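In the two assemblies presented below, chain A is common to both, partnered first by chain B and then by chain C.
And now, the complex of A and B:
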């Protein structure tokens, strides 16, 4: 009998260290996840880098002046240049504020309709239509707005001016109604209604069901229930949705460019046919811009980027905090 | 004999209620005609507005008399809410109707077999077509798909599977990125790649900017889809001895397949009609250009933009025809995303 040596297997080392394949996997996924950070950072860095020269030369005047002129000699050297975004920034804010003021009540009403009034089939149908509208390309809204909508909106603008002209915002000295910020605002409103509607609808649908039923059980009418339960629950969510819409409206380019008359002069009269928009300025001036002017456009792009980023970040924070506290 | 009470529906509208509702409706209709007739207001929208104002006033006062203040308010809000929904839908109906009506005269067989290399937008409609635009748009879509799908899905995987230190910030940044104006994405590619490196317009540049716009849509929708995958599946994978990588690749991703396809299609639909960065970056050639890395590339938005700005009646008809094709494409993508999305739920 041969003596067999007792083989004691080496105890397997137990550890929580992920295997190499998992490390690679986690590395790749984390890298992909960080790409959004990288892209946003690169956008700010490159636009800032290109626009730096102009920003340094114009200083604070870049956002407080409103003339946009460049003169060059035959060799293409810059003799004199003035770049100021004030009119464009005022125009951007004016147009998108008009859009939000028009869009919010309509969106809130239609979100209420979808959640608490519409029968099932109609709800499904309307949600499909609204989602479809959100997918329409902006050039479609622009051309439709210019050729179909603008005559009607001009007519409304004339009515507003005639009957409500005593209110300062509807007042104007020169009766030019075509291609005004009001027209652009209406087109933008139509573009952001689907966004605000779907955000509000989602927030409203999270309204606590027990409280809704409690309100009905106490004999509330539908409106009394909405006022007592849904609106307190969804108020800040609607504000967040409105800001999302505002951010979208501020960055819209093509639709505004087709319906707005761009003038380099600060204009707060919303019915007057002279407006401004940072994004449209870029499209307008890009075609025949000299290299130095391109740098100014890059700086304008940077301002627009930061503006929309701030508005969007605030909107997302508001929507997120409501979503949590609402449960 | 015992009496069995007949089932009643006290909540249902009685014939009298129905008659009153019908009368109010007819009265509102009539008054809208009268108002439009005697005042200088005109047009379909005026009828519509007057009808709704009259209807709202009539129902409110009637309910107020019948049931008191609270019912009156309820009736008023009823009509306002309905107006809100209708006003939301009218533009969509008007847009679809206009595109069909104005675009269909421009649609012909030759449109899909010719490009614009031998024609200008103001030529009669029989000359030229939008073959170059369709191939260009498809190329742009394909290229941006190739670049954005991996990044978008990896981002979603990070948010749902790894849940590391950066989950909060990345979710926030993806949200912020979805709000980046399209023109800024165009300017970024212009400043970062086109001017310093390639120095020439090409389809690739356009696709790069579209990628930036597409990543957030894909990432957010995929994240939602991956969150719906039950955790049991992941635990089962781990219990069978799978590493995380194998669990994700062989269990989670296949389970979420149709949802991920929906996410990708929604991303494509988002960028199919994107115009501003295309105007800055692709150069918009008039000839079919199969090479996305070299030479200007046409696309549907560019074609529409160019024809629209040419301004003659023929050119405008061309623009509408282009819009009709573009809307058809977007609606096709949208419907297929819906179809896939609903199938996933019904399973």
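And now, the complex of A and C:
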């Protein structure tokens, strides 16, 4: 032991000099990571730039009003224009919520079935089928929804209206059941089932084996084990998958356009054949729009883009605040 | 006596002569089996186990008297863990796993058709090598989780909670924080929590698969004390790589060995005899540390 008093040194700076190969690889992956950010940023700038004029003119009315009218003189000069997205935004949210409410339970149950109940051969077969569903063109879902689903959904819609009509969203004044947000929501639900199923299946399959065994060793049935171990573990992942599905549902264009009756009036009654959807509005108006109206459509795109960002941010928040306990 | 495959064992593995292990085994209070008012116990008859085509365990017949502690010792890969997992039917969770023979609990075959396997696992509890509390549950919820999982009803949950934690030797350390999460405990405490959890469903048999191998010596001693206390009311089977532990806690010791083929049970005897005058030369070589 030294008799001198111990001098506490200043903490040393620690340097790491990565090898050149590591630097190169770092550059490549950084480029990959930043490119998605750059593409997204450029799209936002493009939409903002093209839509700026309309946004400035309409102000907050662009998201609170519900009319879409433009009149031009013979030379093509704009005489009068009113653009408002409220009905389309409400419709977008309504359709995608219907889709998520229908799709999440189905997806979670299929994921649980695939992981814990299906025999090996059936599991492989069903996973292939579900992945194929994800790659299926959305126009075909739309046509199927229009030709096949719509006539039969009408029956269910009438049932819902008759027995649950006291709940505002199931109520309706005018008996027009076809081309409703409900039909669009069902079509969207079918389109987002694959992604939610696949995310849920992945997270459920990572449920820790030692805790699964612990539950079984305590006399748990399979369902009791799933409730005690697998669902707490997978909850945040399922929410994440549901948000991915919600994002896809909000951005879906052509399938909704095929089945939905677009009406410029805010409508929360999901069974009524009048709805809205921002992306479908764009496809509806884009074909014969004047240059000024195109700018309005770009602004609509920007609003949809922001709505998607907000939903994703909320999803992250939900996952962060509820997800920790299960791990 | 530490061998390569036991190197993960950080328990008290000092080099001891077999005579001293026998002394350890003799130092315990003598146990008269079957004094407690228990069932007739547990018996295996000609148990074989396979993983796919691999024959892992061959023809194990053992009798576990009620209220005794039996240690299963032997080198790694000799089928000890596989054997205890056939007893509470955890073996069948491994894809491709198969078994033959009979496991009799109170004279009834646990593999008989029509047996409710969840009831079997309630009667035959298990503690695993690695502590595995449920992280989403509090300490209290963990202890009582078996009741919820098996949908059992209890009149006074608080009494049961205290009793189980007391018996597992954990009550004093956690009584003020039963609402904390199970993962906030140390490894040794987590393992005692898992023991308390296994006790809450009142099993008649408790299987322990190297319960101390991931723990420090202090926690190991506490769990060994717990095992001695528990053996008054239940039958305990413990797999261990630590021969001192076998000598300290068990009434009977069974030696398992694989000669390249399936694992076999070589010899079973009262623990003091296994460590002082084993009948089989291979048992003697193992307990004296000549191989393993």
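Assume the second predicted complex is superposed on the first by the 275 of 327 C-alpha atoms of A that agree within 3 Å, B and C clash if a C-alpha of one lies under 4 Å from a C-alpha of the other, contacts with A are read in each partner's own complex, and residues count from 1 in each chain.
Here is the rule we go by: a residue touches a chain if its C-beta (ideal position, glycine included) is under 8 Å from a C-beta of that chain, and two chains touch if they have at least 3 such contacts.
These numbers were taken from a predicted model, which means no experiment stands behind them.
Of the two partner chains placed by the overlay, chain B and chain C both lie in contact with A:221.
Of the two partners chain B and chain C, it is B that touches the larger number of chain A residues. Look at A:230: by the touch rule set out above, it reaches neither chain B nor chain C. Looking at the shared chain after the overlay, A:213 reaches chain C, while chain B stays out of its contact range. Once the two complexes are laid over each other on the shared chain, residue contacts for A:34 go to chain B alone; chain C is not touched.
Shared interface residues of chain A, touching chain B in one complex and chain C in the other, are 221, 224. Chain contact summary for the complex, chain B toward chain A: residues 43, 45, 70-71, 73-74, 76-78, 80-85, 87-89, 91-92, 94-95, 98-99, 150-151, 153-155, 157-159, 161-162, 164, 166, 169-170, 172-185, 187-188, 190-192, 195, 212, 215-216, 219, 243-246, 248, 266, 269-270, 272-276, 279-280, 301, 304-305, 308, 316, 319-320, 323, 326-327, 330-331, 333-334, 338.
Chain A contributes residues 18-19, 21-22, 24-26, 28-37, 39-40, 42-43, 46-47, 49-50, 105-110, 112-114, 117-118, 126, 128-133, 135-141, 143-144, 147-148, 152, 155, 190, 193-194, 197, 221-224, 226, 244, 247-248, 250-254, 258, 279, 282-283, 286, 297-298, 301, 304-305, 308-309, 311-313, 316 to its touches with chain B in the complex. Taken in their complex, chain C has these residues touching chain A: 88, 90, 93, 118-119, 121-122, 125-126, 128, 130, 132-136, 145-146, 148-151, 181, 194, 197-198, 201. Taken in their complex, chain A has these residues touching chain C: 208, 210-211, 213-221, 224-225, 228-229, 232-233, 325-327.
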